[in-house]
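Two complexes, one shared chain (chain A), two partners (chain B, chain C).
Up next, the complex of A and B:
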């Protein structure tokens, strides 16, 4: 008898394993079809079977919305806003899920690849085009026309990033922008006019030297300005110098002389401190938990607008000013941001409900509230430029910089080219690699990547 | 806290699943003679070489087809099918148990199932303890699994809860550290309470003259 049980058990396990093998393959296939727009229909049939679908008609609809606010004030605000939205739309129930910024992308991309993504998702503005191309998210043109929704309320640079082949595939939620922060107290100590921040690179380098204070053991007590601190990057300096890393056809132009000039300038400024003193400063600064600017350890720094929120929170007495980032040929700064996208779940009813939520979340009133809680640079200009916020001169300056702001190009052949460029800069600043050689190597590298990408397409 | 209950539940199921299935399968590999046994064993070990990142998406799609997303099933059921490393571990241990023991049992008329359950399992407590600790730690600390399979915040595990303290522009270190310590405690307790089995194991394997 026992032997029988044993063999039955084995058989069951074997069969289950076999089944697992088969359906595993099938699962993969549907995932692929769901991704490619050409075979959308078969994909939709499959996915719908798996999900519990609400009955068609005018019944209540439940949608899911994922965002990155997993803790703190923004989480509570988001929950409040959604409760308010559901009150306005009694037929729509929203299930929200906040996953922290660092892990959100893993979860979202896995779920979307598997066709079990949310109906409305917060996502990364700069990579929207890939999802639009693969058909993972919906073209909003139809909704926008139906409701004669005004997309001109948003910062133009942001709405441009939402476009792919004449379609608008998302609406921007919030963004950020880099400006120059300078410590007015430090300026006075160094006999500089606190109302006259540096406007070009020469002035910036000159001021930096005057503002730097060394202690007895020749270590940096206060740094004037360092391109290695804060959120300045080679691409932005290159833009300000009339350079560029990619031309309009998506070809790399790393070896342009303007780029080289920018890198050389970074090196000149940085070399004044020396690698050793700089690393000592960095290890000291990282123990602060805040930006070294807040602690008064850096007299000037280029950083995102969130630094302003932090200053208000942690160092309200700091006497500081903000200014456009110094440039040589043209004012430049850069932004990154989030948007909301309607995920293609092959369900018109849920998509329509998601659109209502999308409109709600990007409306001026809601965006104002989000700004009040998080201090973030919301993308609806009616909210960001609301008179009550613009009364603050610092905020006015920050918002004004959006005019010169650019996004990092999204290059399908090399999506993380900017991170790689940072490493090139590091090798020049810290390891003494020749700037010209570094950029030429990077150019070759980018060309190879592009070539490989074209071949695999 | 809700997360604790969830985590304990998942961990418990995982440990039970891993203990039963891995030792069961390992017994077949160690003591039964069947055609292609060694080839299958190599195949089994081969699955260990696949990094989990490679199987993540296909597995996700598979579980989605089964409608298991947003449940604990993808997190616990796989343990009931054994995993290569544990099977390998148990097989090596079973190999050290003298053949005479199972032969004696067979002469007395017991089935293979009975031998596994009444002779091998009690004798391999140390190996099982190791296995339990491994599974416990893995299930308790698993982050990626719950992250991609669970959508309902009420079902989240401790590992996920911990990460929520980390935000884009900063972390609440005070809360984070306090919570981390609490989450870590069970693992520590688990390790020390099972420690004696490691030592005991040495004396257990001898044949009584």
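Up next, the complex of A and C:
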């Protein structure tokens, strides 16, 4: 009998502590005024305080900042930079959180939806407009006007992606761009002029054939060029051929003849090697753990600017050049990137502090430092085009390509259209689907998606 | 008087019982049932996580069932995976368990060795197998090449990719093996002795005693296998990204992409509910079939 009373008591205590534990946690989260939990619920008291003192910098404020640098040099650099920032702004405390790239996007979006997101967040440049449209992030126009902040310091293609309606909703952090890398030693071996990289598709295909070397068992020892390697994609080749997959009104144009020509060209180049030889070569390439270009296994490759950083690190003696990507009708390349956005946490004071941090992180000095550590193409042109960096002809060529660079369109009706297009290309290159049929099917599929998007909006 | 006291005792015991499992119950309601029901609501809405969900009726279901080719492709991929991997795992698991049930020296070591892969993190296993299945340098193709056979592209060939993942899943058979082993050890010795006296051979004993006595365990493992098979995700996420040519685009992976890549949480919720009903139907069919082939001790088999 007694034992039962005890067990009931224990159970009750357990439940109570469980509940208490929950409420305790919630209290801690809402933070600053922990002594009087009653005022904690509203949180509006805090905001009013902020309004009374519009000048940021007197009251201490704590903000949180999330980014993707969870390990390595950039993590340490970020921590150093933030320490420096807090020294300059003694009233602002920054809690940083670096989450690895693979987990970052799920964590950030769910936290923002649940209202527990950071004040300043690194995010994906190309999808900014969904968050701007939904009010999840703040319009920075007021801050920009108040501080006469010059947005023209950034690459135009990047700042364009920050715009939604009349507002600017973020500032770009860093980006990348694709260029053609070619191995000068291989060019000499094949009796090609190492100072004359291919400029158009015909030359590219012709050089590719001359540069390809087979070994005794007829396997590819060195490949001249393959659209399956590096970072070339159908959309970019289509752009270079005057094509496009979406028109200005956001309607799909997959079945344009320019797109088909680009896909057919990919297939022609690829078919010279055959699917089997190609897949053998690919797996060999992936076993190298870095680009086949670095290992001298590919004589020409289209890849991002990070490859240059890798070459300097792993193959400093490689005799190579960089050039604009060969094209038929117009020069084209593409970029992706990160930006910083102020999350709408309904707290003016924290937003103002986040703006200070945002300005700091995109300032030329800080961006230069980030470039020095990571080699990344930072978005502030004063940093990316700094004379000390531009003295390097490779870097100068890379930065110059930003002029022709585009972002993949963000299509709300079909956000993954580019990943799906890659599968379409694979079905043509590896599984023998007819290019025209593949693109027509993709066109139909895109039209259906658009129709359904409009209907359910 | 005596009767009343008994009632009181039982009431008290009931209260004790409820108190003791209430933390679990509260947890279930707050953390599971709530979100589950909410996802049912979301499946009738257009929801991008940042804005409030907007009611669109059955549109998600209509689009999914009539106009999304990838939905059907991912469904067929998943069915293929379940239909191949569950029977293979069952056969391999039972055979392995019978082997591990022999009384030989060092059998404990073997049991541990075979169980080990199912303890290793799934991500590590996936990365390991990516190397094993490599067309040129992989363990399997190197071995086949020694025998003069040219191995397939495994993960890079769309006709082999799903099968490769089934094969890889077979490696983790140790988990179900342990359960079969426990089932085997519950088979009474006396049955085997009686069969020996009757002159039954090894095969006869296996078919007429071991298998029937093991059916409840097989039943359990098949249901668990089907449930986890329909949720296959990690291999696609880590190893193949759904390719080549969408051949490993599994249902759960497509669902994840819809939710977190395309931010279409309403659509993804609808997919989740479709998956629930399909899994439920499969489980019910297996449960129904159970009375025909599952033998419980104490029952009278006809």
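Quick notes on this structure:
The criterion applied here is as follows: the second predicted complex is superposed on the first by the 399 of 457 C-alpha atoms of A that agree within 3 Å, B and C clash if a C-alpha of one lies under 4 Å from a C-alpha of the other, contacts with A are read in each partner's own complex, and residues count from 1 in each chain.
Assume contacts are C-beta pairs under 8 Å (C-beta built on N, C-alpha and C of every residue); 3 or more make two chains touch, one makes a residue touch a chain.
Predicted, not measured: the structure shown is a model, and the values here were computed from it.
Of the two partner chains placed by the overlay, only chain B lies in contact with A:306; chain C stays clear of it.
By the touch criterion defined above, A:264 reaches neither chain B nor chain C. Once the two complexes are laid over each other on the shared chain, residue contacts for A:129 go to neither chain B nor chain C. Of the two partner chains placed by superposition, only chain B is touched by A:116; chain C is not.
Looking at the shared chain after the overlay, A:71 reaches chain B, while chain C stays out of its contact range.
In the superposition on chain A, A:455 makes contact with chain C only, not with chain B. Using the contact criterion defined above for the overlaid structures, shared-chain residue A:427 touches chain C, although it does not reach chain B. In the superposed model, A:101 lies in contact with chain B only, and not with chain C.
Residues 106, 110, 113 of chain A are contacted both by chain B in one complex and by chain C in the other.
Residues 4, 7-8, 11-12, 14-15, 18, 105-106, 109-110, 112-113, 130-131, 134-136, 279-280, 282-284, 286-287, 414-416, 419-420, 423, 426-427, 430-431, 445, 448, 452, 455-457 of chain A are the ones touching chain C in the complex.
Partner chain A is touched in their complex by these residues of chain C: 12, 15-16, 19-20, 22-23, 26, 46, 48-51, 56, 59-60, 63, 67, 69-70, 134-137, 153, 156-158, 242-246, 257, 260-263. In the complex of the two chains, the chain B residues touching chain A come out as 56-67, 69, 81, 111-114, 143-144, 147-148, 151-153, 163-169, 172-173.
Chain A meets chain B in the complex at residues 2-3, 5-6, 13, 16-17, 20, 23-24, 26-28, 30-31, 50, 64, 68, 70-72, 95, 97-103, 106-107, 110-111, 113-116, 289, 306, 310.
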